[in-house]
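Structure first, commentary second.
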């Protein structure tokens, strides 16, 4: 999981600076309801939507959250607009938001409404619980790591994806091969990412430096402000793909189970979404979504989806 | 008296404020220890003349010298020159954030390099002399107008000036305080200080002045001893000015 | 009071960082701000222009942009400084522009007669400014400078974005663990409010002490 302001910008620095500022400004307003209406998007995942499954009328229990969403005609989702491969807005076509999370959100909308009608509220990592609690959004698709502490505040459907933290270093670094080599080293992490708490647990002597966005963290690594950058492996993979000055070393050393955040205590809705997850896993839709997004940078076969309810808190 | 042993000498001084010709070819020589009173109607250029002598107002043409030395145009030389010319303003202009003692010691210490101890000893002598020794530790706003003006005179004297300029020193004072300031000025004159005083106080002029200068429209129209000037003004303009002042 | 208490040690440490950043950057910004104001009212046109440009630049460029530039662009120019000192310097030069604006408004309150008296006594320009004009100007703008200092405290939070572990960054971390944003950020808000209140009260106290009796 990484912060909602991460962004894969590698253009010249001045542009990067102003992008950062613009994102920060956007971040300020995102706690409100800057809804971004999305029509059915274009792109590689179009085919997915055509034969996406739709819930049976009997599954939409009267008086349930699903029924309310159906009546409203759109699903309100907290998801990022700037998370590459996961939920990224196309700068030239703001209506198009694609990625693993974004595509699943649209499939869920189709499952409930019969059409991919999604309104996006970009969350900050800090505001997700509040957005659910006060009913601003129906669901959170935001690489939302399931933890028991969070499970006391919100319900989690899923897990729908598993990932983990990995270590990246400068390309010319040959000393650091894994998290085990980070004792006493300066480690760059993304603010509001699990690495902030995980790295000190694994390496208490490591010095942690956190940066607000992924491009800043990458710059900090390549400029030598730290010895390593610990981040979600898929994000590191996509960073390394376009930046020859860094490389990912070793295998992920944690397992992050991402869940779909729901309002606490809405067990009907949770059951409904878990059923949907099982269905799309079984019929291969889940794998296709992965292939079209994360699968474009991770050199591996389609992973096995996690079992629903398999982690504490789900 | 010739300008070689003059304390202050102005020759052919011209000054404009925009299109307004405020000083028109003014020439004036003041001898050492001489007390000159300048009178004239409002707007005639008295203040401006006074201020050109320490170059608070720059001039357009002409020459000004103090004690035989030409007035420098700017920089350290001008600052040194100003230190030798004491100035007392109508509105006192004591430094509001400093005590009376600090007001009097600041310039000797910072400009002349006198030690704090010596400066304070000297300042106390001066403050006693102008009758406000007990106010040394107070701030200007805690003093009456007359006391403030006497402090301002002490502040100027602390620099041991060669000449003192007074621009209407009693005009901002309540009537009952005018004489306490004038008394200080009279005694200063008696001690031989060279003074140029812009004032409408005829009593002071008669008691202390060696010479009265009457200005009008930026020109020196008439100059004479006080008694001659006040009793028998030569020019029509001086006569009408005096009658308007005395009628007042 | 809430979950922040459970992380008291870390939160206090981060609060310490925030306060250290504030104190150093605060003193720095007042010193720089006064110097900029002196340049701005100096008789030297080039200095006046430079001071004007300084103020305009820092007032018109967002602080976050400056922080990101200083942290990520300077290394490209071969200057790589530790994060916290970098952030402190950026905060100081940034807030100095606002201090300079405040002090300049104070300079405008100093009566011309004060400067004339100083000149008549033989003070040079610099002495007149240093001994008379600036002290009086500062006394007139204690409250406005206090407000700039309050803004500075709030702005230290932006240093979190460039890796400095100060209060906001620490509180983000606590929230990451505890997932109680409302309680946690309300708690942080109360801490910032308390700091602002202390600065405001201190400014009021200083103002009463140094006020010029008129």
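First chain written, first letter: the chains are A, B and C, and each begins at residue 1.
Keep in mind that, in the parts below, a contact is a pair of C-beta atoms (placed from the backbone, for glycine too) under 8 Å apart; a residue touches a chain by one contact, two chains touch by 3 or more.
What you see is a predicted model, and the numbers here were worked out from it, not measured in a lab.
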Original post:
What graph shape do the protein chains here make by touch: line, ring, star, complete or other?
Top reply: line
**OP:** From the Cα centroids, identify the chain that ends up most central relative to all protein Cα atoms.
**Re:** C
Subject >> Farthest chain (mean CA position) relative to chain A >> reply: B
Original post:
What whole-number Å value describes the gap between the mean CA coordinates of chain B and chain C?
Top reply: 45
Subject >> Inter-centroid spacing, chain B versus chain A (mean Cα positions, whole Å) >> reply: 82
Subject >> Where chain A and chain C are represented by their mean Cα positions, the distance between them in whole Å >> reply: 38
Subject >> Of all residues in chain C, those that touch chain B in their complex >> reply: 111, 113-114, 116-124, 127, 131-132, 135-136, 139, 210, 212-214
Original post:
chain C touches which residues of chain A in the complex?
Top reply: 13-14, 16-18, 20-21, 24, 125-130, 147, 149-150, 152-154, 188, 191-194, 196-197, 208-213, 216, 219-220, 223-225
**OP:** Write out the stretch or stretches of chain C touching chain A in their complex.
**Re:** 62, 64-65, 68-69, 71-73, 75-76, 80, 83, 160-163, 165, 169, 172-173, 175-182, 185
**OP:** Provide the residue numbers of chain B that touch chain C in the complex, in ascending order.
**Re:** 54, 56, 76, 79-87, 89, 91, 93-97, 106-107, 110-111, 139, 141-142, 152, 155-156, 159
